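Here you go, one structure.
Order as written gives the chain letters A, B and C; numbering starts at 1 within each chain.
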Amino acid sequence: MTELSGKAGSGIAMAGVTKQYGDHRVLDAIDLDVRGGERVALIGPSGSGKTTVLRCIARLEAIESGSIRIEGHEIARMADARSGKASAEVAAAMRGVGMVFQQYNLFPNMTVLDNLTIAPVKVLGVDKAEARERAAGLLDLVGLGAKADAYPARLSGGQQQRVAIARSLAMQPSVLLFDEVTSALDPELVGEVLEVIRGVAAQSDVTMLIVTHEMQFARDIGDRVVFMEGGSVVEQGPPEKVLADPENERTQRFLRRLLNH
Amino acid sequence: MNEVVLRSILDGVVVTAEVVTLAILVAAPLALTVALARVSRFKLVRGAALVYVEFLRGTSALVQLFWVYFVLPELGFAISAFVAGFVVLGVNASAYAAEVIRGAILAVPRPQLEAAGVLGLSTTTTMSRVVLPQAWPVMLPALGNVAIDVLKASALVSLITVSDFTREVTRWATTGVIDVTLAFSLLLVGYLLLSVPITWGGHLLEKRSRRHLSTFGEG
Amino acid sequence: MDLDYLQSVFPELLGGLRVTVVATLLGAAIALVLGLLIACVQVFRVPVVHQVVTVLVLAIRNTPLLAQLFFMYYVLPRYGIRFDAFTIGALALGLHFSCYAAQALKGGFLAVPKGQWEACQVLGLGNLTTLRSVVLPQALPPVIPTLTNLLISMFKDSAVLYAITIMELLGTTRNLASTSFQYTTLFTAMGLMYLVIALPASIGVRRYERRLNDRTVRA
């Protein structure tokens, strides 16, 4: 099988990151480290800032203060910077970061195969034929080898999300961010997507930061579980500890409420 | 710029304002009538209204101006350039305005019609008291654009010898009496200024029309 | 209508129509390119340029095409910008309609879900690739009816080009009439020529639009 990820480096390091929407402080001097090759499940109530953490790491949002490092390179987009444009160095560091969205965000005007090849060809300058070959391999990995020429609209939600995962892998990332990738799916389609993520985790040493509401999945895949609320990390540790025997009262309340659903 | 020139240009501005005002006065009742005909129960009425709209939108106001100005006299209808000007602009605009009004009428939610029907209101009452008052704020922005288009099209009457703003400015500029840069800059700025009251009027009407519609806590 | 006379001058009228069509197509190409540029400037909110363009667009949309045409025809040569009348005409048409095209295109851009732009950013696609390969292919199809309607409007409105001596359809007709005095025949024939092209075209657009709507409703 083809190599799934770039070299595992030193992962993600967020320190003292503050993010505001107007006067509303969404991230409050949050510290969060994900070591190279580590799999961290990020959990917490809705509105606690999980998506915002991922979006800041992906440079989709600017932050007020703090530092975000990817493989040692400072990449944070600062709100007071004169331009939102990435320097060449930052752009290079960001090439190692992939993100999978809740809503898949596949390009509907392209076939599945073109969705997978456009970035490698245009950004990394990979030869077209080579990119297609790699893409075919990745589609096999996510169980969609037969769908290369289909358009996204013809696929089920679960299939689209698997394509989206393959698309992010096509860039050979060293860091992958997952934002509730099964939340938009019908319940019967959740399993196939989680299975694919498990497979990727097993076959590569890519660093993963996974926001999820699937506690069983968080327990299986996470080397560590991080619970956040109100824009900061409340508790973190090994899955069996945080999920089964949390110390913090707020974590206990969150898990209790989840169980009662 | 001497006084004669200035006076003739100002007279031109007045003529332009008159043409626009009269054209809008011609357009308004026609547009409402045609719009109602477009949503009529009777196929023949609907068809006639559609032909009216399509025919007028199929050629430009300028072509229609020329036709009326040059052909009608041959057919025995003497008509002054000024009258031809505002009538043609008005009739032309009525086709566009009718479509705007029709769209706004069709956008009124069906349950409103059903409610009126349950209350036993007649078609006329339903239209005048229920449908049109609700369609009014919806159609206003687009009607404002039609009015701006009338102002813009009014410059075309200069081409059938009406001494409007455009004709007066062009006359003095092309005969070397005033500097062309000054003249045509003035012309553009003048039209821009003339468009301001139309835009404001539209906004004002829109604001007034919505004052009963804002829900509790809004606005 | 004098059909014998019409037959004798028909080739000349067709020649005028050809000029109209060429000017329209040239103007449309200019409008599309300029419109895209303007839409990009507005969507990306390019500092300073964005504000300047917004004011210019407003000014162009609120002043007559004829006044703009005269400005370009008489004023530009003063500053060493010399084009033949036909080029000026196509440029003026293109500039005027680019403002409307920009608005349609901007709407198309903004209708592309935010997640599409974000996916591009996360994949590291540059602005140009994002625009060309992802955004435009999604933004264009829904605005094709609007753009086609603009093309039809340009075709009809291009008649004003006769005012700067261009021998398009209206100019040719006027010219013939000034020697033969066959106003009814000539102007009626001219009106029908515009109609015969514009009417089926706009009916076609509406059909296409309805089909597009049906499809999106069903999908």
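We adopt the following convention: a contact is a pair of C-beta atoms (placed from the backbone, for glycine too) under 8 Å apart; a residue touches a chain by one contact, two chains touch by 3 or more.
From a predicted model like this one, the values you see are computed outputs, not experimental measurements.
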Starting at chain A, figure out the least number of steps needed to reach chain B through touching chains. 2
Contact-richer chain pair (by C-beta pairs counted) among B-C and A-C: B-C
What chain lies closest to the overall centre, CA atoms only? C
How far is the middle of chain A from the middle of chain B, if each middle is the mean of its Cα atoms, in Å? 56
Rounded to a whole Å, what is the gap between the Cα centroids of chain B and chain C? 21
Chain centre separation (chain A, chain C; CA means) in Å: 45
Shared interface positions of chain B, touching two or more other chains: none
Touching residues on chain C, where the partner in the complex is chain B: 59, 61-68, 70-71, 74-75, 78, 156-157, 159-160, 163, 170, 173-174, 177, 183-184, 187-188, 190-191, 194-195, 198-199, 202-203
Chain C-touching residues of chain A, taken from the complex the two chains share: 58-60, 91, 94-95, 97-99, 101, 103, 105-110, 118-119, 122-123, 153, 167-168, 171
Quick check on the complex: what are the chain C residues that touch chain A? 113, 115-116, 118-119, 121-126, 129, 133-134, 137-138, 219
Can you list the residues on chain B that touch chain C in the complex? 54-55, 57-60, 62-64, 66-67, 70-71, 73-75, 148, 151-156, 158-159, 166, 170, 173-174, 180-181, 183-185, 187-188, 191-192, 195, 199
